[in-house]
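Labels run A, B, C, D and E following the written order; every chain starts at residue 1.
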Amino acid sequence: MKGMEGRDIVAGYGKIEVLHGASVRAGQGEIVCIIGPNGSGKSTLLKSLFGLIMPREGAVLFAGRDITRLAPEEKVRLGIAFIPQGRNVFTSLTVRENLEMGGTPLDHEREVRRAIDEVLEAYPLLKDKLRYPAGNLSGGEKQLLALARADMVKPQVILMDEPSIGLAPRMIEEVYEQIKAINAKRSVTFLIVEQNARKALSIAHRGYVLDLGVTRIEDSGAELLNNEEVKKLYLGG
Amino acid sequence: MKRFALIVSVFSLLACFSVAPLWAAENVKIGAAFALSGSIAVYGEGFKKCVDLAVEEINAKGGINGKKIEIVYEDNKSNPKDCVSAVRKLITVDKVPVLFGPAGSSNFMAAAPVAQESKVVMLSAQGTAEKLTQAGPFIFRIIPSNSKQGQRLAKLAFELGYRQLPVMYINNDWGLDLKDGFVTSFKKMGGVVTDIIPFDEKKTDYRTELLRANKDNPKAIVNLTYINEGAVQFKQAFEMGVKTQWLCGSAARAPKMVELAGKAAEGVMGTYPSVIQDTKEYKTFKAAYQKKYGDDKIPIFGDYNYDMVYLTTRAIEKGGYTAEGIRAALPAAAKGYKGVTGDKTFDENRGMEHADIGIWIVKGGKIEDHKK
Amino acid sequence: MDLVLHLAIVVAIYSIFALSLNIEVGYTGLFNFGHVAFFAIGAYVSALLSLQDATFSLALIAGIACAGVGGLLIGLPALKLQGDYFGIATLGFAEIVRMLLQNQVAWTKGPMGLPGIPRPEIFSWHFDTLPAYLLLTLGAAVLTFLVIGFLTLSPFGRVLKAIRDDETAAAVLGKNPFAYKMEAFVIGSAFAGLAGVLWAHFITFISPGDFTLTETILVLLIVVLGGKGTLWGPVVGAAVLIFFQESVRFLRLPPEWSGILGPLQQMIFGLLLVILMIFRPEGLIREKGKETIDRD
Amino acid sequence: MIEIKNITKSFGGTRAVSDCSLSLAGLKIAGLIGPNGSGKTTLFNLITGLIRPDSGEITLEGRRIEGRMPHHMANMGLIRTFQLSRVFPRLTVMDNMLLAPRGQAGERLWSLFLRFPRVHREETEHREKACELLEMLGIIHLRDQFAGNLSYGQQKLLELGRAVMAQPKMILLDEPTAGINPRLIQTMIDMILKMKARGQIFFIIEHNMDVVVELCERIFVLDHGEKIAEGSPREIQTDPRVIEAYLG
Amino acid sequence: MDSLPYYLQTVVNGILAGCIYALFAMGLTLIYGVLNFVNFAHGELIMWGAYFLYLAMAEPFALPLYAAVPLALGMTALLGAAMDFALFKPLRKANRLTLLIAAIGLSFFLRNAAQLFWGAQVRTYGFEIRQGYRWLGVSLTPQQLAIIAISLICICGVYLLFFKSRMGKSMRALADNLDLARISGIHTGKVILSAWIISSLLAGVGGILMALDTNLNPEMGVVNLIKAFAATLIGGVGNLWGALIGGLIIGLAENIAVLFISPGYKDAVAFVIMVIILLARPYVVTDKRTD
């Protein structure tokens, strides 16, 4: 299998154990969405997959290979990108420089320039802002920039943490359109953690519901949306 | 815990060193609390060279009554606190009855009460502050005080026809003391001090201070400065096109200063506790120095330190190897004694009776005595 | 023997000095880089008064009080700053204090310093010999130790430690961080003043050159070496550091080496510091409960 | 007791809290819910003085209090906890508790020295009270441990206990049950209910809807910094706007 | 001397001093920005840079200046890298006080090592002294012109490096957001090493320029370090232009002040300005943990 998989991951911060054995799998070209109430360990799961937190137990597999212990830098070189929640652009760098940073794994300046041109084709919104510090962008533009930066090296898997957080509805739409476009064009695998479950599930091929550190439900996006238990988990109702 | 053990073992290793056997105990030991590290270590090195030279000579001639002189050097780290502990250590551990005090008036004055209280003789070959020996009868100075030098400097300014001039001085004990001495005498003579500019030690940039001193293009500027500071200043003044007659004190009179400042030092004049270099004693000393160290650049005050060793030796020979004996014998030993630096007779304040203040001038890259 | 007494006095005075810094650095988390200023204020005020024939008791109280007031005046602006900024601001203030001592020649005799400071006399007890002076400084050190110990173990000290650990959390529990930091700063300054007074009357000669950044660094090293935030740390640090520095004097090395001995000793000192920081950054005495702390 | 009127706070152009009005008058336990990033914690920060509002009013028992310093807020009786617990790691559990009471004589330098008997008496009283609370929280056996050595859940319990020790008019709890195991959640709920019975008033941010429903009389819902709904737990759970906000 | 050139010269002096401070401050601020601590041993890098040149030009090597300078700079960079490797790398996770004390220890070690090798005495490269060029009554020597020019070149060079090269951009990215830098695949170890090398090179250049203008002694680094640090704080930590502006503010202020107040307070001026600027910055209790 070409996609990415996390098996029985146990992880946490210091004394806190957040994940008690969570498993997710995303096949190649799949958009997989992980939803769940706040504090259920969604972000932790994503960070464990990427190696920002070393899982205490469990394994992370990429294209069938065990990459649990690889450092984030190395995972980037394998073609895995991670877009964190919140502070996900270099605010003091310009938009162009942010893109260049995304191109770090590329060997030549020339390739970086070509990659920027290609990315700008796909993200026309960023074109006019190239020379501005990324800190001046609006929340939605930052999210797009973060996506574009990850896209610089044409990764096979993109892990996204709460892409819609704090965005205006129009921008949420924009970001998700972009995700769909990338997925459609290069069949990139997406693993998205999302609070905004309805939006995410509407584009996801499959979804997981994470609750209290374990994956509870796995189903297709549309099914999950109509699942009574999902509503219950969210609103305790 | 393992790490802690490591640290402990390092300390105990050091402790082992400290109980290592003493060096030959038969010698006549003299303490020397010199600056071997810290800000004025540059002077301390020079003093040490000359002291070593004198000791070598005396020991070659059989020492004191057959016993060899041994100097116990103690680093005073150029600060008063360590001066005090260095002196304290020399007195209590090495039990020396006489010691050579630290350079720098404030360092010396911090340590002097300790010597006085312990009734141990302490001599200064470079402390020029007027009050240096006030701590008590065990404290001696074999170099003339600043007030005499200040007077001479004021007189020099008058002789050269300068009635109005600004004064720059290094903002430390020596500079302030000499500045006061100069200003008082100069005003008394009717001169006008146009500006007084203190400057900090060890800076690298004195341009604006120099600019301010040179504001009205004075014919002369009094600059009471040290070696390094002086070199930097003369160089920077030269570069800025300051054309004036520099009048300095003794601390700048060093071959090193001329070496550092190059042609910018040309023509700089100053006063210094005179050492008549034409004397037989001085020439012998200079030759001996050259033979031992390979150059004839006598370190500043090195000659006084050299004399200090001989003077102390004489006092020990006369009064015996006890503090009280040395203290009592010193004035007699010094009376009329002609050292390298001239007549070493003490006055009633245990300073120098005869203060021959000479004038130096830089000519052709060499420091010479100024001849009228 | 005199050397031992002498060093014991120095250790006692530096213990007071370090204890006073520890209440700021160790207990309240204030990285004061200008602590020597208050030492200097204490020393100068007391010395100047004594030279005007004031009694020692008066000079002592005035020295401590002026150092405390100095702390208040410097703390007012400086405590508005955080972390490194506070450190560099206090460093700047200390340099300004030193420059005042150096340049206000009319008051302080400037770089000439103040010689002949009398040895103390309290109620006709003379402290003019080393053992007597040791008694006096030991008394003062024990007093300082007890007062600072009492303070740090009291509810007041609890608030200081809370502010050190988490200023915001302390504030939302109703503790005014600025006020408490100010109190700690003033207390620290006053005790540094006490150390300064004792120093001046012990050495009997002071000049502005005694109160440089080097002294601040030394006392900071004592606190860190001994173990900051512990009661015994500063005392142990002072003893170890001063005896270590002095012990090098007893290395019986050939006289020809003396020229390189000074720098060599300082090199070893620097190296030991580095090694200590790598292997035991919490100092010789460890504050309990520290190993679990990851936020700083 | 607390009234919030038209309060607004922006960070660098984005409105974290936007024209928000809540009235907590007469409520024993009020709840505040909303998706991540909806401005709940910002609102708490505004109420407890950690940040100042751009505009709007906060009144406590009729007095305007917005924009005051955090310690003023605390001393007026508003004590909060944090989302990630903020105990004092280098103080013992007991010391963490003893720190909380307001207006202690021993915390003021003069009375510490001059009125030491009173200081001593207060300490003893506080210690007894703290023991009682720690007992209720089930962490009495840890009282001499450094708080930094406690598990995360225990730290959160300690933080709650500390807030109760302060005897405030209102305790603001920021996600009291987030990240702790279910067993401790029940302890937490029991504790809050016991305190409610003693007349303690709470304002709680919480995500665990079971907890919210069990505790709160009235719930306010924030989304994108705006209040989109308020009402009883039942009303909220069926409110289409709330479901929309949560499920997207 | 009439008054316009008098003041002009003061301003020039101020700029000169400011350039030196700025050169030192840039090196400091670089490390501060990337690694978030004050490298107290930066002054020793400055001093060793100057002494390396002395070593290369003295017997037995006796290299000409053009060959000696690159060698000296290379050695300084090596020293900086070695410092990081031996000391700061093991302490990467340590708290600030630990780092600071360690840096002070290192500074002691390096300064006294220099004294051990070369002695406490002052040395000079021995170039001939020349009178400055005069223009509008203001004098400037070639060395001083070199100081201003090279400082500007260094600042521009570092600017270009920072804003145009990939390595420089990575450095800024690292200073901006370490986690995000790692996520983007930036090799943090390499970037930190190059920050050290650049910082050391700046120190070496500064030291050599200062020694060319004045002399060499083991304490030449420390004396200007505190002011460089003040310049760093005035300009804002990690801000290159800030370092330049901070350096110039201090240099100008203290030189202008010399004309009007007792020069004994020259250093105090720098500190007073620094404290005023620090206090003038708005400071609000901010809580980073808002969601």
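Definition applied: contacts are C-beta pairs under 8 Å (C-beta built on N, C-alpha and C of every residue); 3 or more make two chains touch, one makes a residue touch a chain.
Just so it is clear, the model here is predicted, and its values are computed rather than measured.
With contact taken as defined at the outset, subunit D and subunit E are each touched by A, C. The chain pair with more C-beta contacts between its two chains, of C-D and A-D, is C-D. Ranking all chains by how far their C-alpha centres lie from the centre of subunit E, first place goes to D.
For subunit B, the chain with the farthest CA centroid is A. Centre-to-centre separation of subunit B and subunit C, using mean CA positions: 32 Å. Centre to centre, using the average C-alpha position, subunit B and subunit E are separated by 35 Å. Centre-to-centre spacing of subunit B and subunit D amounts to 71 Å, using the average Cα coordinate of each chain.
In subunit A, the residues that reach two or more other chains under the touch definition are 14.
Across the assembly, subunit D contributes 36-37, 50, 70, 82 as residues in contact with two or more other chains. Touching two or more other chains at once are residues 37, 41, 45, 171, 198 of subunit B. Put simply, subunit D touches subunit A in their complex at residues 13-14, 35-37, 150-152, 175, 178-179, 182, 207-210, 212-213, 224, 237-238, 242-244, 246-248. By the touch criterion stated above, subunit C contacts subunit B in their complex at residues 1-4, 6-7, 10, 102-103, 105, 110-113, 115-116, 203-207, 209-210, 214, 240, 244, 246-252, 254-255, 258-259, 261-263, 265-266, 272, 276, 279-280, 284. Contact residues on subunit A toward subunit E in their complex (touch as defined above): 50, 52, 71-73, 76-77, 82, 84, 87-93, 97, 100-102, 104-105, 109, 112, 149, 153. Interface residues of subunit E, counted against subunit B in their complex, comprise 1, 6, 9-10, 13-14, 16-17, 20, 112, 115, 119-122, 124, 128-132, 134, 139, 141, 143-144, 210, 213-215, 217, 219-220, 223-224, 255-256, 258-259, 262-264, 266-267. Within the complex formed with subunit C, the subunit D residues making contact are 48-50, 69-71, 73-75, 79-80, 82, 86-92, 95, 98-100, 102, 104-109, 112, 119, 123, 146, 148-149, 162, 166.
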